[in-house]
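In the two complexes that follow, chain A is the common piece, with chain B as its partner first and chain C second.
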Partner chain A sequence: MKVLVRITDNNTIIDCTGDVDLYSSPQLREKLLESMRGANSRVLVNMSGVSYIDSSGIATLVEGLQLSQKTRTRFGLFGLRSNARSVLELARLNKVFAIFDNEQEALEKISSTEPFSGLA
Partner chain B sequence: MANDAAEPMIRVADLVTHYDERRILNHVSLEIMPGETMVILGGSGTGKSTLLRHMTRLEIPTSGHVYIKGQDVCHMPEEQFNQIRRKIGMLFQSAALFNSMTVQENVALPLRELTQLEEPTIRIMTRIKLDLVGLSGVERFMPAQLSGGMKKRAGLARALAMDPEILLFDEPSAGLDPITAAGIDSLILKLKMAFRMTIVVVTHELASAFVIADRITVMHEGEIIVVGTPEEVRNSRHPRVQQFLNRVPEGNERDVKAYLRSLTESGF
Partner chain C sequence: MSSSVRTLRIEISSEPRLLHVLRGVVKYRAKQAGFSDSDADCLAMAISEAASNVIRHTLGNRHDDRFALEVNTYPDRMEFILEDTGPKVQPESIRPRALEDVRPGGLGTYFIKCFVDASSYDESFPNGNRLKLVKYLSPKVADRHESAGPDHG
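Here is the complex of A and B:
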């Protein structure tokens, strides 16, 4: 798995490619949590290159969501392949994330979404 | 679904095993493809659970081989097998929970022992798995506080903890009421669709087998008598398969001389 971080204007985009599993998800976690604590108020994860994601990857995204509430960061995902969508649906988490089809749509719409506030 | 071009995820080759003098598996060979759900069907004592236990090296055969992703697990050092074992989740008939730990601790145990994941990640993963099996809200219960069906589901959550590539079920519906059993079936179907899992289910429940299987293996007296799609198995003319599918009991006719011999022979 590869994780690259791009910073554009007020956005941090995390390009993630390959398999996000028990052994690689700590890498994504590190970049994601670091980005949430960074200066940008919008963080997006590009998942178009993610061929497989397991529950450790999903748990990592949930941790990101949890932190985004604390840091008042707008957080979204885009480019999910069918496997990632199925795993999110199975975990009943497809409705809690802001999910966009592609980068363009994500960049256009993320600024109009409210930061996540679903956790007590 | 199975991919015919791929290497089998599990290949059993000419497996023979004994319990003492009794032969339990008699030259069994079987291939299970990646992503396939294989149901091993048969009456009690036909060797189906024994076959399953060989797939995770809980039994060592008298002869023959079990290959997981091309590697012979019967004849490799323990440390090497430990790497493969991480890819395999097994739900035992008894659920096999640790009674001294809460449900949550039981599910988190393999993640804590075998991975470098941080505790918050483990906590969320554990809760995802418990929610998946319908056990949200009982995380802090001890196994003794759970019903049979709940224990089975907690066992399944633990088998799923490491996101295994292979999931083995030994009689998942044993001891469960029909509604709970149907719930386990639908869970197996969900797992099959969402994850890249190869699933092997040992059962004698016909209804369940035909719902979840991509292919069915029918065993009788330690041998495989038919392997095929549910439709092929349903249409099989093999008398034992038909007897099993039609739930015909064993006949009462017996060899009178052999019976008398068995009553009178010495060595009690």
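Here is the complex of A and C:
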């Protein structure tokens, strides 16, 4: 898996490529939590290159969501392939995360989404 | 063992970076057995989740250990048997978390339950754990003596 971080304006975009599993999810976790603690108020994960995600990857995203609540960061995902989307739906997390079709939509709409709404 | 069974057995290091190899083997064999691409993907995920739990929980994240995967292909089903040498798992203590309880972790059990028809631990296995996961080619009610939910998280 490859994880690259891009900074644009007030956004941090994490480009994730490959399989996100027990081996690789710590890399995503490190970048995600680092980004959440950074100066930007919007963090997006580009999942268009994610070919597989397991429970450890989902746990990483949920941890990011929880931290976004504490750091008052708007957090979203975009570009999910059908398998990743299916896994989130199966876990009933598709309504918990802010999910966008692509980067453009994510950048346009992330500011207007209700922040932190997925968590009690 | 019946001649209608095709068996593949591999022993693999407990290094998490090798999980994708297991997924590849499971997916290949599942497609050979007649499962759709989608079902083969789901089976690969179920076995990968179970193996992840062996690594994380049973082997205590030791990456210098080994475990075995046996894949038995029958005309009507596939059986996946994971064997490890870790401490005995207490099956009754293994439960998926409630989905409404949104927190990191606890979904592995749930995914396995979703993707296989039956699971059971062989309590007579002498040293370690022997977990059997079964998936039928056509929908079938799992044996009442077998239960789903074979992992920790």
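Keep this in mind: the second predicted complex is superposed on the first by the 116 of 120 C-alpha atoms of A that agree within 3 Å, B and C clash if a C-alpha of one lies under 4 Å from a C-alpha of the other, contacts with A are read in each partner's own complex, and residues count from 1 in each chain.
Note that a contact is a pair of C-beta atoms (placed from the backbone, for glycine too) under 8 Å apart; a residue touches a chain by one contact, two chains touch by 3 or more.
Just so it is clear, the model here is predicted, and its values are computed rather than measured.
Chemist: Since both structures carry chain A, what do chain B and chain C do when superposed there: clash or fit?
Modeler: clash
Chemist: Applying the document's definition of touch, where does A:21 land relative to chain B and chain C: first, second, both, or neither?
Modeler: both
Chemist: Of the two partner chains, chain B (first) and chain C (second), which one does A:52 touch, if any: first, second, both, or neither?
Modeler: Both partners, chain B and chain C.
Chemist: With both complexes superposed on chain A, which partner does A:89 reach: first (chain B), second (chain C), both or neither?
Modeler: first
Chemist: Figure out whether A:62 sits in contact with chain B (first) or chain C (second), or with both, or with neither.
Modeler: Both partners, chain B and chain C.
Chemist: Quick one: classify A:35 as touching chain B (first), chain C (second), both or neither.
Modeler: Neither partner.
Chemist: Which chain A residues contact chain B in one complex and chain C in the other?
Modeler: 21-23, 52, 54-56, 58-60, 62-63, 83, 87, 90-92
Chemist: Touching residues of chain A toward chain B in the complex: what are they?
Modeler: 21-23, 25-26, 29, 52, 54-56, 58-60, 62-63, 83, 86-87, 89-92
Chemist: Give the list of chain A residues in touch with chain C in this complex.
Modeler: 19, 21-23, 52, 54-56, 58-60, 62-63, 65-66, 83, 87, 90-93, 96, 118-120
Chemist: Considering the complex alone, what residue numbers of chain C touch chain A?
Modeler: Against chain A, chain C makes touches at 15-17, 19-20, 23, 41, 45, 48-49, 52, 55-56, 99-100, 102-108, 110-111, 114, 153.
Chemist: Using the touch rule from the top, collect the residues of chain B that touch chain A in their complex.
Modeler: 111, 115-118, 120-122, 124-125, 128-129, 131-132, 160, 162-163, 190-191, 193-196
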